[in-house]
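Look for chain A in each of the two complexes below; its partner is chain B in the first and chain C in the second.
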Partner chain A sequence: MMKSLKTFTPLAWRNLWRNARRTSITLIVVSVGLWSVLFFNSFMNAWVQSSKDAALDLLLGSGQIHAVGYMDDPNIEALMPPPSAALTAALDDTRITDWTTRIALPGVVVSEYKTLPVTVMGVNPEAEARISSLPGKLVEGRYLDDTDDDGVVLGLHMVERLKTGIGRRVILMSQGIDGAMAERSFDVVGVFDADQATEDFFAFTGLKASQAFLGLDDQIAEIVVVLPDEADVDAEFTRLREAAPDLDARTWKELNLFLASTDSFMGAFIYIWLGVVFSLMAIGIVNTQLMAVFERTQEFGLLRALGMKPRLVLLLVTLESAMLIGAGVLIGAAISALTIWSLQGGIDLSAYALAVEMAQGGNIIYMEYDPGSFVLFSVLIWILGIGVALWPARRASKASPVEAMRYAS
Partner chain B sequence: MSNPIVTCRGVTKVFGKGDLAVHALAGVDLDFAPGDFATLAGPSGSGKTTLLNMIGALDTPTAGEVSIAGNRLNDMNKSQLSDLRLTKIGFVFQSLNLIPVLSAVENVEFVLELQHCPAAEQRERAIKVLEQVGLKGMENRRPSAMSGGQQQRVAVARALVTKPAIVLADEPTANLDSKNSSDLMDLMAQLNADLGITFVIGTHDVSVMKRSRRHLEMLDGRISSDTRR
Partner chain C sequence: MTATLSRRNVMLTLGAATMLAVLAPVPAAAQDARAILKSAFDNWRARSSHATVEMVVKRPGATRTMTLESWTEGEDNALVRFTAPARDAGNATLQLGSTTYVFNPKLNQVIKLPASAMTQSWMGSDFSYDDLSRSEKVVDDYTHTLIATKSAGGRKLYVIESIPKRGKPIVWGKQVLTVREDGVLYSVEYFDQLGKRVRVMTSDRISNLGGRPYPVVMTMKSDDKPGQYTRVTTKAAEFDISIPAYLFTRSNLQNPRD
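Here is the complex of A and B:
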């Protein structure tokens, strides 16, 4: 077998270039097909990653812990005490990067011009700076200094709608612990620029300041947990649930179902895309290889007449297909790598910011070269390509020398 | 007479079935001895090519027996027939004899490669036989860079390089002008005389027939005359 391969490899290579145009067309079909698979795989991975980065880094974290019932109806009666000693020990484990506590309750923000719904967020600014990208998104003013800071940080779009700004006062209103409506004026100290949903629905103030404003002692609404590796999220949250069995600990996948389903859909979509692309490629490969076989019917008859066995004819034609598709795969992979490399600076989708936000994507998509995917999809297309090319090869191997010579004459 | 290279006994070949059946060969009895230099002629449809296909182990008879170099074709499967063609029979066809992407020497080496002949020996034997057929210096030319006569010489070289028991040539001069045709016949006659290889040549060309030492005529699937000179 190896000896036959050695013999037939140069012959197969020369045969490929007997019809350079047809070979080139097949090379283009295979390379463009593979490029589209590798490029879109990388793009979609980058898109999902950007969506995750945007959502997880901003406020969501790897997951959160709430009192039971809070997620169904986030109100002041569904708060919880600070983490117990057992939960604190679990949260301080080295397998968790960081964590913090927050108040997050529905309310309204009132300016001289407008009243808007808002989620009142009481945060620990020091911890938020470590786990959230939001403090870094300030475009005006300052972020909160500490948990006692009674300034308020609002989103850019909300500031525009409220017609307020730095140094002016707004009133936050929410239900207090006593059941009455609590309200208090806050200085606008900072304005952040994030996605529109975040800008429109959150007002940040110090954790203790928010607790004081709502008449709380040290109750909190949520514990945000950040993990070093997303792959561990299920295992880690199982551990946290064991440490706090009376609380509701949820991973980001359970908290943001859209993001989770986007993640799994993109993983499946690449295989759907591969199927579509490969079906088109298969038609091209089979068509060109069949043409090549028909054109060489007499030659295969000659080879058979000379004593070449059918299995060697099959090997020769399969080798031609393997080399042709292999060359196409190499070219496609090289072009894909080049494309991804040339887009290392990121694909800026800010021109479509609103649409991107609706799809929960990031404004800039950073594609990465993933050797594993390159090898997987390249080998997959190469093997599948050889698989479909076996049909023309079998036809060639079945050429009867008598029929072939008669056909030629 | 020494043992024949080819033996045909009551060879019949029928294509198709029922009313559409065509009796291409109708009981051919024939021997070729080592060193024969024979031509086979006959009108179209006389069974000439079918008989050559039988002798060349390209086809098997419907009835009767064909033996080549002691191998009974009737008992052989496709793989065995391939091996027989590779080792015992050389072919020269009318046209498109060569693999176009291989040079002259590579075309000749190809059959040696199929025989798993060592690489060094392949090149040596191929060059030697190309010299024998008068193509010294043209070893590396591809068929497209050679004349029709030169291409047929390469085909003859390829047929001879395996040292076959018999060389079958089906209309080898049909696409050649009279000069090249005559040269090719000279070459085959010379090789027959020098090496003692049996040649059986199917032809319509009277000048070719005149060069043979044995001439067979076919009519309606039978040998109608067998003349030795």
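Here is the complex of A and C:
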């Protein structure tokens, strides 16, 4: 067997180039197919990663802790006291990068011209600057100074709709702890520019200022937790749940189902794409290889007549396919690597900013080499390719000298 | 030389000021702006009142005319019930203190208005629910300055600039209210915080009604909606009457007793 392989390898290689044009076409089919799989895989992973990072960095964090019932109906009755000693200890663990507490309650914002629904966010500005990208998105004015800061930071689109601006008053209203409507005027101190949904949804003020406004002592609505490595999120949240069994701790996957399902769908989607691409590739491979086998009926007949066993004919043709597809896979992987390398500065989608906003993505997508998926998809396509090429090979092994003579001219 | 001149100027100015203070008519100086406003609102609403009012809402391409009946008592209680046209008849608004209830006969439901809805339009007019219930809050929530006196139709008008007190939940930059010397509210102008006028309410006709001078025709206009307005004409009114207590109840809102 090894001996025949040694004999056949140069033979098969030379056979491939007897019809250089046909071989090249198959090479192109395989390499472009693999390129598309590898490139899309990398692009989609980068896209999902970027939109996930954008959402997690904005306000979500790796996960949040609420009072039971808050997620179903966020209202002032569903708040919780500041973290207990046990929970604080669990949160201050080195396995957690950072955490902070917030007030987040539905309300309305009123200007001279308009009344709009809003979520009143009471935040700790110092901690937000560390864990949220939002303070960095200010386009006008300033972010909040401290938890007592009773200024309000609004989204750009919200400010436009309210026809208000920096230095002017708006009124925030929300249900107070006494059940009556709490209302208070706040000066607009800053304007942020994020995606439109965020701009229209939130009004930020100091945590203590918001508690005073609503008549609260030190109750909070949520604890935001940021982890260094997102892979640990489930383990870490199990630990937090143990530290605070009477609270509702959820990871970002449970908080933002859209994001989580996008994440898992993209992983499945690449295999769907692989299936589509491979079907097309298989048609190309089978077609050209069958063609080649038919053309070489005489040759195979002669080999058989000289005493070559059908098994060895099968081996020869399979070896040819393996080399052909292998070369195509190598070229495809090389082109993919080259493409990703040439785009390593990031793909700037800011020209399509509005569309990207809708898809909850980041503006710049950074693709990365993922050696694991490079090897996986290359080998997968190579093996599947050889698999379908077995059909023409089997066909060749069945060639009989008698049939070959009939074709002789 | 310059120093001498300027000192002389100062002397002159002081002298003139003193002269003015002495010669100025007593009311303008003595009457403080807040008192003027207070009396205007007291006069407008009285201790209690019962009125029949026609409301015209002018919109591009359509003009609606509605008739309503209103009862008020003190500053807290008010009931407004629409009587015509048939489409709007039966709709009613009840104000008890700072709470406002709305009754819709088609739904046969009383709805307590959330505070967020208070700034919304009342029955499609240029008035908001807040205008119904809070117009008098201006007296306490603002700081008032008499900025001018004018005269119109032989009567003196006091022009009062009212600026919201710090921290009060008020969106307006200021209001400028004009009150006629006999205590009739002549006009109210609402300004945004940049000093741009947003809307204005004017008294178009003042005549004797129920034994007192009263702004019989009032118009509310928004400056950014030219050609649109809401005009309220009081057809008949009686003041300082006794009103049965059941009138200002939720059950009466839903099932009016006649």
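The criterion applied here is as follows: the second predicted complex is superposed on the first by the 408 of 409 C-alpha atoms of A that agree within 3 Å, B and C clash if a C-alpha of one lies under 4 Å from a C-alpha of the other, contacts with A are read in each partner's own complex, and residues count from 1 in each chain.
Note that in this section a contact is a pair of C-beta atoms (placed from the backbone, for glycine too) under 8 Å apart; a residue touches a chain by one contact, two chains touch by 3 or more.
Since this is a predicted model, take the numbers as computed values, not measurements.
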Record, for the superposition on chain A, whether partners chain B and chain C clash or fit. fit
Between chain B and chain C, point out the one touching more chain A residues. B
Using the touch definition from the top, say if A:K309 reaches chain B (first), chain C (second), both or neither. first
Regarding the shared-chain residue A:Q298, is it in contact with chain B (first), chain C (second), both, or neither? first
Taking the superposition as given, does A:S111 touch the first partner, chain B, the second, chain C, both, or neither? second
Between chain B (first) and chain C (second), which, if any, makes contact with A:S185: first, second, both or neither? second
Touching A:K398 in the superposition: chain B (first), chain C (second), both, neither? neither
Enter the shortest inter-chain Cα distance between chain B and chain C once the structures share a common frame, rounded to whole Å. 87
What residues on chain A touch chain B, complex-wise? 3, 7, 11, 14-15, 18, 298-299, 302-310, 312, 401-402, 405-406, 408-409
Residues on chain C engaged by chain A in the complex (per definition of touch): 114-117, 119-120, 164, 167-173, 190, 192-194, 198
Can you tell me which positions in chain B touch chain A when the two form their complex? 49, 53, 56, 58-59, 78-79, 82-87, 91, 93-97, 99-102, 110-111, 113-114, 116, 158, 170
Which of the residues in chain A come into contact with chain C in the complex? 107-108, 110-113, 115, 117, 163-164, 168-171, 173, 181, 183-185
